[in-house]
Structures are given as C-alpha cells and as structure tokens.
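In structure tokens below, several structures.
Next come two complexes built around subunit A: one with subunit B, the other with subunit C.
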Partner chain A sequence: MTLSAAQVAPQKPWQSSPKEMAPTFLLLLASLAASVAVVAITPMKGKLAYAFLFFIFGTASLSIRKWRIRGRAAAADAIVSSIALTGATLVFTPVISILATTISHGVKGLHWSLFTQTMFSASYQDPISAGGLLHALVGTLYLILISMILSVPMGILTALYLTEIKGPGANFIQFIVQAMSGVPSVVAGLFIFASIIVTTPIKASAIAGAFALSILMIPTVTRTAQEVLLLVPNDLREAGQALGATQWKTVATIVVPAARNGLITATILGVARIAGETAPLLFTIGGSDKLNWNPFKDYQGALPFYVWKGLLMGTPESIQRAWTGILILLILVLLLFVAARTLGGRRMKSK
Partner chain B sequence: MTFSYDKDDGDDMSVEIALSKSSLGDVAKERAAAKTPGNAPLGSGLEARSIHAWFGKHHAVSDISLDFAAGTVTALIGPSGCGKSTFIRTLNRMHEFIPSAAMAGEVLLDGKDVYAKGTDVTKVRLQIGMVFQKPNPFPSMTIGENVLSGLKLAQLKVSDRDDLMQECLERAGLWSEVKDRLGAHAGGLSGGQQQRLCIARALAVKPKVLLMDEPCSALDPGSTLRIEDTIGQLAQTMTIIIVTHNMQQAARVSDYTAFFLSDGGPGSMIEVGPTNEIFSRPRDERTENYVSGRFG
Partner chain C sequence: MAEKVAPPSPREITTKPRVSDRVFRGTVTGVGMLSLLILTLIGLFLALRGFQTFKSEGISFLTGYKWESVTSDSGKVTNVFGVGAMLIGTVLIALVALFVGVPLSVLCALFLTFYVPDRLKKLLVSVVDLMAAFPSILYGLWGYFVLMPMAEYWAKLLYKYLRWIPIFDAPQPFFERSPFIAGLVLAIMIIPIVTSVSREIFAQTPLDRIQAAYALGATRWAMIKTVVLPFGSSGVVGGAMLGLGRAFGETVAVFSVLNVVFKANFHILYGAGGNVASMIILKWGEAVGDETKALLAAGFVLFVLTLLINMAANSIVKRTLKSGK
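Up next, the complex of A and B:
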C-alpha cells in the first residue's frame, strides 16, 4: 500500500526504538548488579569502588555486545564513547557539586534584611537575621562596573591592535599579555598598594580595588577577544577594503559587528575572572562594614571580602554568613551574564 | 544622480558618474551602439605596464602589460596558478594586503599611476571595484545594508539611498528576488544570490572599473547565466576585467581575452587579442592547445 504525500508522517529512522535500547539498558543494569556483588565479596569498598567497577563492567559488556553485532571497529567505538562520557561526567560532577552545596547551605541564611542592612551595627557572630550585606553588594557592583569600564575597552583595543593592525611591537605586547595572564592575583593587589595607595592621594577605595582587578581582567578580555577576532574570515576584511574603506572603517563596521557575540563573551569571561577575587582586594579596598556610595573615596566592602571575613571568624553564624554571601555572589554573576547575553542578542535581532 | 566624497580635497579622481537607468533591453544592440565612435567614453581605461608580483621570494607574475579600453570586457584565462588572480589584485592594490607581497610596474587609471606616491589607496579601490571568487556578504548586515555598505565604508553621501539600492540590485539581477526581504540577513540567500548581492554592493560606489575574480566558480549554471547577463549590461558604463576558468564564459562575455601561462616559473601573458580571434585563430600554439582543451 502506498501512502499519499499528506499521509506520510515525519519519522526518525536513525533513532533506536525502546525495544532496541532494551539490551543496552539490561547490560547496564547487570553491570550495576555485578559491581554491587563484587564490592560485597571483595575487600574493595566505598563509592569510588562502585563507580570504578560499574565503569569497567559497563564498558566491557557494551563493547562485547557491539563486537558481536557489528565487529571490532564498533567495539572500539563503544569503548571510546564510554571513556568520553566518563570524562564529561568527571568534569561536570564538581560543577554540580559546588552549585548544590552552595545553594543548600546558602539558602538557609537568605532573608530580606540582607539587602537593606550592613554589618556596621552588627557582628559576624550575631545570628544572620541581624545585619546584612548591602555594603558588600554595592562594593562588588562598583568594583565590577569600574573594572569593566577600565578593562573592556583596553582589552578589546589591544586585541584589535594585535589581530588587525599588527603594528610595531605586536609580538612584544602579545608576550606581555600572556605574562600578565599568569600574574598571581595577590601580586596585582600588592602592586596597586605599593604603586598607588602608598604613593598617590588615591587611598584604599573601590577605584583602587578596581585598578587591581583590571590587571587581572585586561589579559583575559584581550586573549578571548583575540581568539574571536581571528575567527572573522579574512574575506570580509578584503571585501571591506575593496569597497574603498579605510582599515579603521572596515574594522568598525564589519569585523567588530561580525565578532560581536564573541566580544560579549570575552567581557563575560573577564567579569567571571574578577567577580570572586579576594586576594587583590585585601590591600586595596579596606574591607569596610559600612555602606559607602562613593567609589572614589573611603573604605569599601565587597562580597568576596564579606565571605572571607565570615570564614575567618569561624563561628557557625559567621560561616552561615559566608555561604549566603557566596550564593548571592553566584546569583549576581549569573544575572550579569543573562543581562549581557540578552542585551547582545536583542540588538542582533532588531537589525 | 551624483554623489561626492565627504571631504572635497580637489582630487581629480573624485567620482561623478551619470548612470543611465536603461532597463533590460536588447543588451547587445545597446552595447554596440554605445561603442560606436563619437559616443562619450564609458568607465575609464586602465593600463597595466610591466607588472611583476612577488610573494616573499616567489616571483608569481612576470612582466605583464595590458591595456583595458574604457567600456570593454576583458577575460583573463589560463590554468590554475598562472598568476591571473594575483595580477588583477595588483590592479586595485589588493595585492599589498598580503604581508610578504611585493610588486613592480605601473597601473594607470585615467593616465595616473595608482601606485604613485601620495595616492590614496582607498580612493583607488573605490574606483576599481572588485567581486571575489567566494561570495562574501557582510554577515552582520541585512541585504539592503549590504548593498549600501560601500557608502558607509567609504563615507560617501548619496541623496536617495533607496533609489540607489534598487538600481544596484536591479543591475545585479537580484531585485525581483529580494525586494520583499531587504531587511533579512544576507546569510539566508543562496550562493548565487549572495554573489549577485556582492556585485550589487560593488556597484553602489559606482566604480569606473570592475574586477571579477572567478565570480561564477562556485555557482550553478542558472546563476552563472544571470551574472553573465549582468556583466553584459554593466559593460555599458564601466570597464570589466574578469578572471575565469570557463572558456565558454570568456567567449560569451568578453570583448578581449588574454591568455596567461606559467611554465613552472612566474606566470606571464602569452597572448592577448579580440576574443573571437583568440578562440578561432590564436597566434600561439600554447593558446590554441589551451582553448581547444588539450591541456590546462
């Protein structure tokens, strides 16, 4: 019987049906049972033993089955797939674990007065319902904002110099950028302390902290932006110049818009690099517990600093504060990422 | 319609071309009429004098002298690696885009050497437009923005942008296909449409000479024919130099044909002449072998 065109339903013949999946599933179940049995009768004990044995049994049984159905190459394919899946799981586990631990510990301390009060009149050992971290939130936002204002233009312009202009000294600058991305963060803080706070009228404040963070952020932004700009096909640069554009016009109207999403990613990675840094802030922001709206003067707080202080105190209440501070820092960074992505995506669509 | 540079620096290279808005009539007849003596010269003549080109130490093109008369179509043919593309890239100074590149010789546009000291390279490229082998519309721009991108890039002002956009798309044979989606992204067009969009983009800045580097090599026969039609119409108002591997194409579109060949060393020009002579009674044996398909 032939079907008319209207009666043909879209199908996916390349996908396995549940019936075909069943043996694989059964083999995995059997591997699990085997690993439980081996743990029970041998001296191997612990979660790690289960995971290791399950990996060995599962990989072996699946690849033997593939070998019998489709031959040696398929067996090798099954082994490599299984190793790759295990690797991906190993990488993914800590990320999930960190998130889960932070959320489960941090949520307990969440309440509204965190966002309206400071630690000026409360102690870290007080129950978490006393005091708040408004001062630290404001400080971190200032630090991120000023660091972005300083680092994003500088990073992207440096990347443009290195990939587009390739002017004199490009190799040397490339070397410096690479060396800078290896600077330990505490050194960045110490450098700003020695070169600015001690010798100039600028004292410990949000802007001094942002200087230190910029030392870390500029190389991150530069290197990511460079990678992204190198992905823009050379054809487009030639096409622009063949239309009688100067190099600057070609870069501004063609290369940068073509790389826009990647440049936003570069900015996000730069912010991610600095948002949780504590070490550069130790000597540069003063770590105040008081709300300070002036980023250019007086001691400033910051979320990582708040977390660090909480951990140092070591009482259950102060450690609870630290967990909640970490959770709020995570949420803040996540919000910034989402904002950057949607702002970037929207302009693309409206065009 | 006229337009001028933002800054009038008194350069006599400034562009002021009147374009006939003639529609798609009998192209061959119009071209024949346009070429009868007494009519105003079309586009600008281009003269290449003893052009050599190098990439690092590799001598790619050797001693090529060619005259491209105003309003003619010249096809450059020859096997791969014989320096055709390198040669036309020296004509609008795109050759120097490659860091190791070097050249010798003169390229005269309206009698002025484009390599003379003090020449503004962006103005040279504005007057000698180029269409590349691979379609390369700007991905961050819409179809309409792509057509007018040259104005933005070269900082030209034009009185009626929509008219110019329509005119260029019509001349590139693309208007009817895209007129309802000028705001869509150029990446959604087919390869042939993208290439015609690139031609429209090159036309918007009103070049006097248009270089085409194998513009049809990635296209299907239908798109190729449309682009050949376009070339025929464009030759009424500009000088066209086209590199092609397709000898039927050279025979169809060009008035003159030059045959390039490399014997292992730098590419050089073996023969140039009216297209029908090159294809029917070439003077050089190697040309005859090539055009009859015996090698290459």
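Up next, the complex of A and C:
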C-alpha cells in the first residue's frame, strides 16, 4: 500500500510555533520599555544608550527565560545568539547608512546638464547647476575600457595556466597572484609614475591611469576566472582529449565556452574593483577638468577624481558635487555588481 | 578461404605535443609568469627611485619623525625625511581597525553560517560582497560627514570614563580626525574581507563533527565552541591578517578622516595621527625632486610591508582550508 500525499505532509517540529514565540516577543517589548524608562530616569542619554540598554535587557531576559525552561547550556546559547545577531546588525547598519546618505545627498544635485557639460568653464565653487561631469564620465569610460583590454586577456590566460597547464610553477604563480591582489592601490599608482611616466614618452593620461588600474584588476580577474574554470567538469576535458583534440582545441572549443558566463562575471567583478579607485589616479591621470577624447595624450578626468576634488575643496557647493559624483559612481558599481550576480546565478542554475 | 590482409603499418605513438599545443602552452605559461614580472618590477622600480633617499637617510628613514624639505635663501635644499611617525600611526590605526572589525566579522560570519535561514543568507552574503565593492572614496565621504560626528561623541565618552587607560587619554580634548575615527572607517572597510574568509572557513568545518556534537546534545553555541572555533581559529587569524594588509594600504578613506601630523602619537582619541599611504598623497602635490624620491621610497616601504603580511596571511588561510578536506 502506498502512502497518500496527505500522510506525508512535511512537518517541522523544531520550529517554534506562534504560541512559543509570544513570550520572546513580549520580553523584547518589555526590555524596550525598560530601556526607555532607564534612559528617562538616569543621566544617560542618546541613541547609544537606548541601543546599549536594549541589548543588555533583551539578552538578559531571554537567557533567564531559557535558563528556567532548559537549563544553563541553553541560557549560554541564548546569550551567544543575541550577541551574534547584534554583531551582524552592527555590520549591516553602515551599509544601509552609506546607501541612504549617498542617495539622499546625491539626488539633490542631479540634473541633465551634468551629462552634457564639463567643469572647463565652471568652478567647483559654483552652484551645481553650472558645469557638469561629462569629462569625468568619458575619462572613467576610457579607463575601464583600456584596463579591460589590458587585464582581461592576461587574467584569463593566467587562470588557464593555473587550471589547465598546472605547470611546475603553478603553485608559486598562485601565490604571486594572491600577493599581487594585496598590493595597495597607492603603490600601484606610484609604480606607474616611477616606471612609465618618468622614463617613457607616455605622460599622465588615461592610458597611464589604466596601467595602474590593471595592476589591481588582473588579480581579481585571475582569481575569479580560476574559480570558474575549476567548476568545469573534468569529464568535458577528458571527452575532448578522447576525441583526439589537442589541448589547445579542448580549451578553446570546450572549456572556455563552458565557462563563458563565469568569465564574463570575472571581467565585471574586475571592472567593479577598479571603477571607483581614486588613489592610483592621483599620480597617473592628471585630473583635468576639460573634455579630452584622446586617451593617449594630455590630462584626463575621472569620476573618482571629480569626487576627490569636490571633497578637498570643502565648500558646500563642491561637497554637493562630490555627493552627486559618488552617487553616479555608486550606481555604476551597483549595476556592475547586479550584472555579475545575475550571470553568476544563471551559471549555477544551469549546472 | 581467408584473404590475406596486410597488417596495418605500425603507428608511432608519441607524447610529444603538437605545434599548436606547444604554442598554446608556451603563450599561457609566458602570460602566467607576467604577474611575477609585474610584482618584481614594482619592487624594483620603487626601490631604484627611492634608493637615493635610503642612502642619504639610512635607517633614520624608518625611525625618524621629521619630514622636511627646506630651501634656504641661498637656494640650498636641506632635506630630512623619516616615516617613523607615519609607521607608528599606520600600525595604530590598523590595530584599532582590527580590534573593532575582526570580532564583528567573526560574529557576522558565524551568524551567516549557522543562524540565518538559507534565503536570507544569500541576500546578506551579497550585501557583504557589495561592501567590498564600494569605492574607498565613498567610505571616505561617508566617514567624514556621517561617521565622524558620531564617532567624536563616542570618543568623548571614552575619554570621560576610560581616560585612566593610557591610550584613551589625550593631551588636549580635541577629538576630530583622530586615529580612532580613521580606525573605525577602516574597520568597516576590512569587515567584508575578514567576514568572507571566516565564512568560507567555517563552512569547511567537517559536517560529521558538527553532527556528532549535536547528537551528543550540544546547543548551537556549545557546538560552535567545541567544533567550529577550534577548527577555524587559525583561518580567522589568516583572514584578520588579510584585513591588516588591507588596512595598511588603504589611502583615500583614511586621508579623508585623518589629521596627518608628523609626530609620534599613541593617544588614539587625539586628533593627530599618521599613515604612510595618506602621507604620500598629502605630500605628493607640492613635492619636487628629492621629496618625490623620498615619497617613492615611502611607497616601497609600504609595498614590502603589505606584501609580507599578505603572503603570511594567504599561507595561513590556505593551510586551514586544506585541513578541512
């Protein structure tokens, strides 16, 4: 006799029912009331006091309840649970605050001529309706494009070396790539200044900036690409070899196409890594306020540089510019991030 | 009646790769080695350009507190370059960042690994990754306009109640742009990397041990205490060191919220600190000639410092991840 569907309806006996949740909820409410009361009668004041007292009262009351029901170990468990929850809350609060302040400050300065004008004829101290950041957008676009051309092939080929060739030096190169991902951005800028700008005919320009950014982008692309290539099942490689394909054919026609979405994700993550970098640009692009269509010559502007100038200038108008600039930069980064996530997610599903 | 079939001529079997393969392997290996070349070149060029400074200043480049380039009326330039105060400041700020950031990251990683339902977990992990993708100048801007007013108040509280502890004392009650505030901003910036490394390591905890602990009647905390933490602690140390490397090299965000002063200051609440990376961009604007070289030398010091920390951190993390398999 087979079981009917009604009999096997899944149950989750370990989950607390609403009836069991009620005391927890009441205790939290009571601790909130208690903290308000304590703040009212003692000299303590401010949001900090509320948060602190609520944490203390909430943790204490919940753990005492657990102690009475299930003993000491359960009480310790309850305390740690609420500490972990508090820790996670403290981690996520700044993210919300950062997003909220950037949006609320940034949208005040948004207007269409931002995208059609440059700062050539306007000063940072002017109201934000004068001038725009077209030059910075063009600069950032150039920086991203050139960095991609430089670092994506190199990153993916390095990843192929680490996953497909696995030569005698693979472990060492892996180590080097990891070390490279820790190079401070300011050092990347200084290096390009000391090596390229001082000694070669290439002066401060978009391409010099892109060189510096590539140093930061290559390790990101390599590491993500490597992870993706490792996900390609070995059966596929063996199938290719069994059909008589050379390694080159196997990699080019089987492994790389199989990992295509992941490799695009690697590229996007690399771009997200460098799109907002400021420090290397301070040494390498010159930070022009003029529109410059030539990425190989003359000073270039960039969005982070625009924000940086606005912040350093320190007047209310220039700071408004900084917020608006960072909002546009943040939108760019968010778009890249979501794109990387969706592509990555699709790959996981198709597996 | 069998027809005679000529036996197939013997084939030569070889393991020698074809030309296309040799080209492929050669190219990929060559590109793979490029990253080594780049890393070497970074060290080489910065050391080369900074060599003159190292020679003229000697060890006092690392221990001296003064950074001066004075041109007298007769046109003679007197230079004194020392990054001692900046190194002290860098370490101090990084320690504040670790002290605040690492416990929060570990708690957050535990929370994400063992407490959160799967659906919410995916979202929160994305948020942590997003934190890592925020531009550092965004942290600087936010730190200056949002965090600093709050942190100043916290600093006042610490000063009021804990000033008997030497590091919370201050020569004057001036708390703006202090190492404490810079450390807090950095703490938020290192949280994503420490959290994701810790999470990765906690997730590698052998499942049979976790289930054994539960089967013996352990609560969640007892399981974490007896299984997860002993297994993952060295990996967390590695993650913290990765964060430390990040904290040493961070530039723009620290510069935005720190008052760089060429003096050794151990009072974290007092608004005068140092930071090698911030000092470099502070001085870069007006630097000419020898001072530029000295700044490149400072960059070299920073490079070596972060490189060593990162290498140590990576090997620790790698070892822990391996021990779980």
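Methods note: the second predicted complex is superposed on the first by the 247 of 351 C-alpha atoms of A that agree within 3 Å, B and C clash if a C-alpha of one lies under 4 Å from a C-alpha of the other, contacts with A are read in each partner's own complex, and residues count from 1 in each chain.
In this section, contacts are C-beta pairs under 8 Å (C-beta built on N, C-alpha and C of every residue); 3 or more make two chains touch, one makes a residue touch a chain.
All values reported here derive from a predicted model rather than from experimental measurement.
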Where does A:238 make contact in the superposed view: on subunit B (first), on subunit C (second), on both, or on neither?
-> first
With the two complexes superposed on chain A, say which partner A:246 touches: subunit B (first), subunit C (second), both, or neither.
-> both
Between subunit B and subunit C, the one with more contact residues on subunit A is chain C
Subunit B versus subunit C as contact partner of A:62, first or second or both or neither | neither
Would you sort A:80 into first (subunit B), second (subunit C), both or neither based on which partner it touches?
-> second
Would you check which partner chain A:222 touches, where first means subunit B only, second means subunit C only, and both and neither mean what they say?
-> second
For A:204, select first, second, both or neither according to whether it touches subunit B, subunit C, the two together, or no partner.
-> neither
If you stack the two complexes on chain A, which partner ends up touching A:326: first (subunit B), second (subunit C), both, or neither?
-> second
Residues of subunit A contacting subunit B in one complex and subunit C in the other = 246, 249
Can you check the complex and tell me which residues of subunit A touch subunit C?
-> 46, 48, 73-74, 76-77, 79-81, 83-88, 90-92, 94-95, 97-98, 101-102, 105, 153-154, 157-158, 160-162, 164-165, 167, 169-170, 172-173, 175-188, 190-191, 193-195, 198, 215, 218-219, 222, 246-249, 251, 269, 272-273, 275-279, 282-283, 304, 307-308, 311, 319, 322-323, 326, 329-330, 333-334, 336-337, 341
Interface residues, subunit B side, partner subunit A - complex = 92, 94, 97, 99, 122-123, 125-127, 129-130, 132, 134, 136, 138-142, 145, 149-150, 152-155, 198, 201-202, 205
Residue ranges of subunit A touching subunit B (in the complex, touch as defined) = 166, 233, 235-246, 249-250, 253-254, 257-258, 260, 348, 351
What does subunit C use to touch subunit A in their complex?
-> 17-18, 20-21, 23-25, 27-29, 31-36, 38-39, 41-42, 45-46, 48-49, 103-108, 110-112, 115, 124, 126-131, 133-142, 144-147, 153-154, 157, 188, 191, 195, 218-222, 224, 242, 245-246, 248-252, 256, 277, 280-281, 284, 295-296, 299, 302-303, 306-307, 309-311, 314-315
